[in-house]
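What follows is a pair of complexes built around subunit A, which joins subunit B in one and subunit C in the other.
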Partner chain A sequence: MNVARITLRIAAVVLILFIIIGPLVGIVLWSFAHRWYWPNPIPQEFGLRYWQMVFRQGRILDSLLLSLTIAVIVVGLSLLFAIPAAYGFARYRIPMERVLLVLFLMPQAFPQLPVFINLASIFNRIGLGGNMWGIIFAHTMASLVYSVWIVTATFRSIPMELEQVARNLGASRLKTFFTITLPLAVPGIIASAIFVFLWSLGEFTAAFFIGAPFIQTATVLMYTASMGYNMQIASVIAILLIIPSILFMIIIERYLKAEYLAGMGG
Partner chain B sequence: MDEKEKSPVGFLLLIPALMVLLLLYMYPLIRAIALSFTDEMGNFTLANYNKSFDLYARDILYTLGITLVTVGVTFVISILIASYLRFKQWKFLDYMYRLPLFIPFLIVGHAMRIFLAQHGTMNSLLTRIFRIEELPGYSGLWVGLVATFVWVMVPFSTLIILGAFKALDDSYIEAAQNLGSSKWRIIKDILIPLARPSIMVAMVLTFVRTISSITIPLMVGPNNPNMITVDMMFRVNYFSDWRVANALGVISYLIVMVLAIYYLRFMVTERGGLKR
Partner chain C sequence: MAILETRNLKKYYGRVRALDDVSIDVDAGELLAVIGPSGSGKTTFLRSIAGFVKLDAGHVYIEGKDITELPPEKRDVSMFFQNYALWPHMTVFDNVAYGLKLRKMPKEEIEKRVHDVLKLLDIEELVDRKPSQLSGGQQQRVALARAIVVKPKVLLLDEPLSNLDAKIRLRIRFEIKALQQKLNLPTVYVTHDQEEALSIADKVAVMHEGKVLQLGTPEEVYKSPVNFFVADFIGTNCVLTLKVLDGRVKIGNKIFEVSSKETARMVVRSDEAEVLEARAEPGKDGLRIPGEIKGKLYMGSKYRYEIRIEESEDALFVNSGESFKIGEKITVFVPDGSYFVY
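Right after this comes the complex of A and B.
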């Protein structure tokens, strides 16, 4: 009986690994393949040529840096808008509070493509098409749900009594916020920043319609490379983009709640 | 404890964020709807919709079909994983099922193109290990498209359903077990009915995310028929035909509207947007 169970368990592990890790193995192999012709199960010639190329070739490095720059600015802007809003939601009585909160979910709960193609044509007219800031504005809008919702929940979890004590001792509302509330909310704010960062880094649709063909983010370049059967370059970029997703998931395990995840992946 | 302040300051704090939504979301959304109902002269017309149905009726049905099959398969797999993890601890599975959660769809599309191709990595593994005949290349077929969708949807829907299963009290399950119910009956008669609201949310989200995805059908879908998101993209990129693209967009809105309203109402009433 035990032998049968162990065999079954091993078979299950192999199957799960095959399904989950299998597709990722392909891109890792491709990223190191110099030559890979069918019917060889692994590349005929391995090497680091394409990894070196990614870090040496201006175009690819530029697109990675562009994606990184966009993501960092989007995190900043998103928090800049979200922190006051979240404080408002958490500490003041807001009419139609629930409806307003759900409003922020709309960009992630409805198909995004129509909004992004119209945003692209609006941006084209006002000179934001093919411009980094066009992508940044679109990403800030769509990522507000993560920052607003997570920071609201964080502020709500901080006991109001703590703020009251500070205010009784004569601190102003603003001072209380910056010395008591905000420092206590840092873990939640970091979690929301990670969500926004990952979402922006992996986002394709807005970056494609607003930026292309003038500027290419890493995802857009990866798409172009993959469609042009430049599998090695596409795979190297794919791996570089997967690493932060998997690393950060471990860090923010506590925040893996359904509400926040609705739009992840793009 | 909840002595919230009644002051207009609260609403003032929301204004910047709401302005962002209004300008960058509501305005393009309204523009999409308006353009879809007008011609070049700005007059009201249904021509864009007639053209959409003439050209893309098959694609619309195909999109619905792919989406429904994805939801069905995702439902079955998520229930199986969530039930297993509800009864038994298995750290390995617990971590593995969540792994794809944050991987961008575009990258999954690329990985699956390589994995599922005729001479792709899946076939090279299978033919070496099991010495079986090579399977057909599934990338570019609807099977590959559905498989990719399921791969990205299952982690998320399992997470929701498992959360609901774990929230159910053990006493329900123990009572059923004492009465001699099998595991299958417990899943069917106790877990699923009691977790119904969460399961519905998981399925609605799976539906909406599948039907609105553009990257996965672009990367692994067949060239013909296409999903409507891809048609929208071609309409814009190759024909600069924003009106028909917008009509297709509005059609996709109408398809998800019923489900989205259910979901949004659930979020507003039961969760209040957020758990407190």
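Right after this comes the complex of A and C.
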């Protein structure tokens, strides 16, 4: 290999790292910056002041907790609906199956702003505005595309014979579902749960229009903080929001891959 | 008394007749082989006994009890699936014990029975493995163990050997037969391999387009096929298309009366045909067709000849230990009972 090619390769790696990690570095720097004025490349004064502020101010922790609560409930509701629905799509002939599946895509198929402003005006009329359950409802609806689609694909990938053997050996439909189908679908279900969880955690538009100003999720608070030129608070919240994503990334990397292959390979 | 009785089973998929008035009985300890080309309805027949196919008409009885409307889990028949269908998330032990656990057996009893069946099939050492750690042959045994451990009233085998290497297949054929006799289990064995069916079965059903064309012992089906399809499907054959003149067909030293108008077809069991020198006189009765060697393949222990005859456009393919030259005039001898004209 000649020098030119090595140089080119290194340059490519650096560029990729810059694109991926660059914005994150900015956030981390901002979160520790007491003073950072243009055109300085790094902050003039470092410190933990804003981190302390976030953990001292109940408001910020509350909104983080609110975001987490919403995300967990959304995952639960989304799966509660998606698992039976997906099993139906995967195993039974359902009239207009395609149309129904595309229907779940609808909330995500159009620009988020008009969709959620519309939803917010409806929710305000029926008393779901400014309310945690309004956001949960909106998130659940919009996340169904992830959960239903992924879990349907998972169920479809499980050969019918694996269920038929169980029936043949004396298991009822329900018993077969809980002892064979569901355990085999766990990797796919976890994958869809992670998708829904992260999407709900990072969702801004619905949380803003339905919740604000009465309740503020972490993303909404982050937005308000950065609008008030408080980049430090916004950065701290951003880092706190990234933590669950990274944790889940590790879980996927560590556990899901092998399990997935074992489950799907049979 | 027949343990399994099927009466006038019918199943149509649109205009396709998967089962067209099928009635077959299987006695205690009997092994019925169902053979036919793909799409003949043999697997549909098996699945309808297991309860995975909803019949359009007909009844299935086990020990005299009508099980036609029962769901699969209440039928007490065990089905072996062609692709084994082992559960990848369970160990061999859990796979085999599944049916016993459903029967709410005490734990020690389950362990004993799983151990016994694994020993019977000579796979005790695999008990803690996952299916992905097993070879094809081992998976096949585990699937078989899972099917027989529950002591079903009827065993259904769907192409049990088709996913194995040709070498292992021959050995396992004997083992399955021995096992089935030892357990005295009425068994329905579906296969597309006619040789496998003949060698293993007590009774053979030849199916085509949803119909049972012939039901009989392997010898009956081989020696007295009821029609052209059965004659051609069973055994290793050559088919000759022959001209019909005044309701008669003349070939070699024989003349046959046939019902067909213009052409008739002759099935020749090519395993039993011999190639003789042109003037040789065989000691036995049979069909002698003069012909000429057109092609020759060396097969190790023997030669395979392509032979042209006057009476038909079709070539005969016959094996022989003796060496003939290409272009040589010879006589093909087929003993009586090894050719059929339709």
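Simple rule for what comes next: the second predicted complex is superposed on the first by the 240 of 266 C-alpha atoms of A that agree within 3 Å, B and C clash if a C-alpha of one lies under 4 Å from a C-alpha of the other, contacts with A are read in each partner's own complex, and residues count from 1 in each chain.
In the analysis below, a residue touches a chain if its C-beta (ideal position, glycine included) is under 8 Å from a C-beta of that chain, and two chains touch if they have at least 3 such contacts.
Just so we're clear, the structure is a prediction, and the values are computed from it rather than from any experiment.
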item: Fit or clash between subunit C and subunit B when superposed on subunit A; value: fit
item: First, second, both or neither for A:P159, with subunit B first and subunit C second; value: both
item: Which of subunit B and subunit C A:K175 touches, first, second, both or neither; value: second
item: First, second, both or neither for A:I73, with subunit B first and subunit C second; value: neither
item: Touched partner set for A:L61, first subunit B, second subunit C, both or neither; value: neither
item: Partner chain(s) touched by A:L100 [first = subunit B, second = subunit C, both, neither]; value: first
item: First (subunit B), second (subunit C), both or neither touched by A:P183; value: second
item: Which superposed partner A:G202 touches (first subunit B, second subunit C, both, neither); value: first
item: Contact breadth on subunit A, by residue count: subunit C or subunit B; value: B
item: After superposition on chain A, the shortest CA separation from subunit B to subunit C (Å); value: 9
item: Footprint overlap on subunit A, comparing subunit B with subunit C; value: 159, 262-263, 265-266
item: Sites on subunit A touched by subunit C in the complex; value: 159, 161-162, 164-172, 175, 179-180, 183-184, 262-263, 265-266
item: Subunit B-touching residues of subunit A, taken from the complex the two chains share; value: 13, 16-20, 22-27, 29-30, 38-42, 81-82, 84-85, 87-89, 91-95, 97-107, 109-119, 121-122, 137-138, 140-142, 144, 148-149, 152-153, 156, 159-160, 198, 201-205, 209, 219, 222-223, 226-227, 231, 234-235, 238, 241-242, 245-246, 248-249, 256-259, 261-266
item: Residue numbers on subunit C that touch subunit A, as the complex places them; value: 50-52, 71-75, 77-79, 81, 83, 85-89, 98-99, 102-103, 130-132, 146, 150
item: Subunit A-facing residues of subunit B, complex; value: 1, 3-7, 9-14, 16-18, 20-21, 24-25, 27-29, 31-32, 35, 92-93, 96-115, 119-122, 124-125, 127-128, 151-152, 156, 159-160, 163, 198, 201-202, 205, 208-209, 211-215, 218-219, 229, 232-233, 236, 242, 245-246, 249-250, 252-253, 256, 260, 263-264, 267-269, 271-276
